[in-house]
Amino acid sequence: MEVIDNREITDNVFILRLELTENALKPEPGQFYLLRPDSGYDPLLGRPFSAFRWNNDWIEFLIRKTGRGTALLSTFRPGDHIRILGPLGRSFPPHSPHKTPVVLAGGIGMASVYSLTLKHKAEHIFIYGAKSATELLLTEDIRPRVRELYLCTDDGSMGFQGNVVEFFTEFLKKTSSHSIVVYACGPEKMTKSLMEILKKYNIESYLSLEERMACGLGACMGCAKDTKTGMKRVCMEGPVFNIEEL
Amino acid sequence: MEVIDNREITDNVFILRLELTENALKPEPGQFYLLRPDSGYDPLLGRPFSAFRWNNDWIEFLIRKTGRGTALLSTFRPGDHIRILGPLGRSFPPHSPHKTPVVLAGGIGMASVYSLTLKHKAEHIFIYGAKSATELLLTEDIRPRVRELYLCTDDGSMGFQGNVVEFFTEFLKKTSSHSIVVYACGPEKMTKSLMEILKKYNIESYLSLEERMACGLGACMGCAKDTKTGMKRVCMEGPVFNIEEL
Amino acid sequence: MNLEVKIGKMTMKNPVTTASGTFGYGSEYAEFVDLNLLGAVTVKGISLEPREGNPPPRIYETPCGMLNSIGLQNVGLKNFLDEKLPYLKGFDTRIIVNILGNTIDEYCELSSALDGKVDAIELNVSCPNVKKGGVLFSNNNDMLRTLIKEVRTTVKTSTVIVKLSPASADIVMQARICEEVGIDAVSMINTIPAMAIDIHSRRPRLSNIIGGLSGPAIRPIGVRMVWETHRAINIPIIAMGGIMTAEDAMEYILAGATAVAIGTANFVKPTVTLDIIEGMKKYMLIHGIDDINSLIGGLIC
Amino acid sequence: MNLEVKIGKMTMKNPVTTASGTFGYGSEYAEFVDLNLLGAVTVKGISLEPREGNPPPRIYETPCGMLNSIGLQNVGLKNFLDEKLPYLKGFDTRIIVNILGNTIDEYCELSSALDGKVDAIELNVSCPNVKKGGVLFSNNNDMLRTLIKEVRTTVKTSTVIVKLSPASADIVMQARICEEVGIDAVSMINTIPAMAIDIHSRRPRLSNIIGGLSGPAIRPIGVRMVWETHRAINIPIIAMGGIMTAEDAMEYILAGATAVAIGTANFVKPTVTLDIIEGMKKYMLIHGIDDINSLIGGLIC
C-alpha cells in the first residue's frame, strides 16, 4: 500500500498513514496488521502493529521505534510502498451494556486500545500511563472521546505518580469490580502485575498480548503463548485474550 | 551523502545527483565510486559506477537498471542518503598534444568516457553506439563538447547502422592509426572485438574494464582480470588499462 | 508446456510444494492460495501424540533469515487424520505428510497409519532418538540407515521421502544411503542450527537457545548441497532453503532438484507459491523450454 | 576500562582484529583506519610461492552475504617478508599471518620462516592436501591432527592459531584436537561452501563453481558454533562470521569468543573496525563492565 503520510509525534513515536484499497476489510479494535517494506529481504518478516485509526480511505498505525524494523518504517515517506497483511487476530469483544468499560493503556499499548474510544464514544474510563508527560501521547485527542481520562506517569510529571496498575488498584477501591469490564494493553511487566489484580477481584477482562510473529496466519506456530488450555497462537487465538484463558 | 536529485532519462536509465562535501576529492575521468544504501544489508556490497559529471557541490552518476542494486538506487529520492566510496581506480591518462583523442562509447559505457569531453572541450572525436536511437543518451548535450560526433545503432534507427567497432573499422580506413589515441568503454563483447583491431593496428589505447567488486580498495582480490603480467585488480590497476597490458 | 514432475510414485502437476512447518495444514493459507494450483501441499510435521512444542520466544529474525525453535508443536496423528486430512482431500493436489518420532517404532507406526492415505510421507530425521540418548537420527549414518530401512519396509503404497539435514556430517553420503535403501526421494535442506543472543540481557533470543536458520540467507548453501547431492544419486531431490522467487526455484532446478518447496517465503508474501509457479512458466516461455524436466540438473560447467 | 585480551602469548590491546583476506596486507585500509588502534591485523593467507588464484568472476553477492572464490591469490612468502611485513612493523599493533600450504611440509616451512617475526601464525586448514588426493585438511581429523602437531613442534616463539572450517564434519571435535595438540587458540568460522547459478546462462556465478559464503547471513551459524566450541575447550577463540557492528561482536564474546575478527564488513564500511572498538567501549560503559574478559562466554542460560 502507498504511504500517504508519516508524522513524527515525539522523538520516538510516529503515525504512519497508509492508503486502503476500496474493498479492503476494515479492522475491529484490537486487531493488527503485519507491515513490511515492499522490497529486499532485510528486514525479512512483517512486524505486527495494531490498527490505530482508520476510515474508508486510509489506516493509521501508531508506532514506537524499538529496533531495526520500526526505525526503517519511520523513514518511509509519502509515495513509498509498504506491504500490509491484515486485519489479523481477534478483536476486543463488545462490552455488555450493564458494565462500564475501563481501558488500561501502558505506553505504546495505547495504540491497540485507542480505537475502542472511536466505536463507543464517551463511554469509556480511560487510564493511560507512561514514563513521563512527554510520552503521554494524544491525550487532548483522547479526552473528548472518553467519559473519564486518568493519566499516570512514573515520574509524576503529569497526573497520578505511579504506573497504570497502581492507579487502577486505587481506582478499584471506589468501584465495584463486577460493574466493570477491563480492556488492557501494555508492556509485559504491566500485563503480569495487572493480571494478578484482575484475577484476584475476578474482573471480566480482555488483554492484548505480544509475541514475535512470522506468518500472522496461524501457520508457523511461532507466536505461541502458554495458556490454561495449552499453547495458543497470539496471531489467531489472540492478540486479545479473555483473562480466563490465561 | 544526500541525494540532491534523481531523474529518469529513459525507461531504464537515470541520473543520480549526490551532494559532495566541501573537502571531498574530485574524480578524474575514468575513475569510479562504490555506491550503496545507507542502511540494511540487502544489498550488501557497494556497486561501482563511473564518475559521470561533477562540480564543487555535487557529483552525478549515469546508471542503467540491470539488477537489484541499480533498481534500488533508482528509487532514491532527494533527501535520502547513500554511502559513497571514492574516487577509486586509475583514470584515463591525458593524450599527447600530437594525437587526436578518439572516444568509443558502447551503451552505458558512455558514463565512463563522457567526462573526457568536459576536461578537453571540443577536442575529441566521439563515437557512440547503442541498440537503437532511444538508447543513445544525451547526444545533444555531447555534440557541442566534441569535435566530431558519430552515432551508431544496431538497428539503424539513428546514424550508422552497426556497432561502434564496425564504425571504427570504417573510420580507420580514413585515419592514420598513429595519429590517434583511443579511449573506450563498453560491454565486454565490444571490448573484446575492439581489442583485436586496436592491437592489429597498434593504436595507443586505454580501455575501461568491468568486474564485480567487493572492497574497491585492492584488498579482497575479488575484481581480478587476467593480464599479460598476471592477475590485476580492476579497482586498483584499473578500471582503465593500457591495451599493452591486456 | 509441461510442468509435471514425478517424485517416486507421486506425480505433481507442477514442481512447487510447500516446506513443512511453514504452511500449517494448508487451510491457514487457503484464503490466499488456491490449493488446487499447487504441485503438492506439505504439512507441518506430525507425531503420534499431539505436541506442545517449546516455550516462547520461538522465533527471531536474523539478517535475511529467521531462527525458529517451534519444537515441532503439532496436532498429533489422530487429529490430523480426523480433521486436517479430510480438508486437504477436498483439493486436487498431492498431500505430503512430514513425520517425526522419538523412536524407530514411532516412525513406523506413523508411516503405516498414513500409508495409502496420503501421496507421500516425508521423514524428518533431524529428531532426537530417545533410545540412543537423544542423538539425532541425522547425526549418525548407522542409526539413519536402520530407521529408513524399517520405514521403507513398512510403507507399501505411498511415496517415501527422507528430509536431510545440512548439519549432518556428510549430507551427500546420507543421500546415497537413502538411495541404497530404496527410498523414493530426498528433500533438502532442513534448517541450519544457529543462535542469537540479546547482548543487553545476555540471554539467548530463543528459549531453546538453538534454533534452525531458514530464509534467503541459507539459499547459496542449499543450492551447493543440492548440486553436490544431485551428482551423487539418481533418485529425485525436492529442494528447499531460501526460495523467495521463481528465479530462486529455477536455480535449484538447474542445480539438480526435481521439485522445490517454499518455506519462509510464505511468511513474507502469502501468495508467493502461486507467483513462483507463474514465474517458472514465464521463464520456460522466454527460454523456449517445453518440459521442465529437461532443466533438472541443467547447470553448464 | 580494560579491553586487553590474551591469545596464547600474544596480548592484544583490544579484542578486534581483521579477518584474513578481507583487509589485504593492512596498507590497503590505512587511509581509513589508523592501524595502531586495532588489536591486531590479520593478513591475507600467505603461501610459499606467490599464487595467481582463480579466474574471474570470483565474487557474487547473495542475500545478506557474498560468495568468494579468490583461490588464495597472494604475494608469496618472500614478498611478504620483504615488503608487507616491514610496513606492518611500523605500527603499534599485533600481526597475525594466515598461512596455507599444499603439504604439511609447506605449512612447516612457512611457519618456521615466520616464527618469531610475527605475533601469531594462523593456519588456514581449509586447503587441499595434494599428497592425499586433494582432500581438505579440515575434512579429515587424522590429517588435521598430524598437520597441526608438526606445526606445533616447528613453531617456538609465535602464537599458533588454527582456523576451523564450518564445513568440517564436527567443528567442536576439531577444536578439541587443537587443544590436545597444544595449539594456543582456534579461530572460527571460515566461509561456508556455497554456490549460485545464473539461471539465464545456466552457468555458475563463480568460475570456480563453489565459493565461500561470508557476511551477516552466516552470523547466527557462527555464533552457535562458537558457543558450542567454547563449552568444549579451554583455549581462546577468535570469532568471525558476519560481524558488522559492536553488537554483533558482543554477541560472539558472550557466546565465548576472546577476540573477534571483522571480515566482509570492511567492504561495506572501510572504517568499521574502529566503529566496533568504540561501540564495544560504549557497551561496557552502559553496562558498567570494567574488564572485557569478564564477558567472555557470559551468556546466561
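Structure notes:
As written, the chains take the letters A, B, C and D, and residue 1 is the first residue of each chain.
The definition used in the following text is that a residue touches a chain if its C-beta (ideal position, glycine included) is under 8 Å from a C-beta of that chain, and two chains touch if they have at least 3 such contacts.
Computed from a predicted structure; not experimentally measured.
Summarising the inter-chain layout, the chain whose CA centre lies farthest from the centre of subunit B is A.
Inter-chain centre distance (subunit A to subunit B, centres taken as mean C-alpha positions): 54 Å. Work out the mean CA point of subunit A and of subunit C, and you get 36 Å between them. Inter-chain centre distance (subunit A to subunit D, centres taken as mean C-alpha positions): 47 Å.
Residue positions 63-65, 215-216 of subunit D are each in touch with at least two other chains. Those residues of subunit A in touch with two or more other chains are numbered 41-43. Taken chain by chain, the contacts link every pair, so each chain touches all the others.
Residues of subunit D touching subunit B in their complex: 21-24, 28-29, 44, 52-53, 55-61, 63-66, 68, 70, 73, 215-216, 244, 264, 266-270. Subunit B meets subunit C in the complex at residues 41-42.
Residues of subunit D touching subunit C in their complex: 62-65, 67, 169-170, 192-197, 199-204, 209-210, 213, 215-221, 223-224, 227, 242, 247, 250-251, 254-255, 283, 287, 298-301. Of all the residues in subunit A, the ones that touch subunit B in their complex are 39-43, 72, 75, 77. Within the complex formed with subunit B, the subunit C residues making contact are 63-64.
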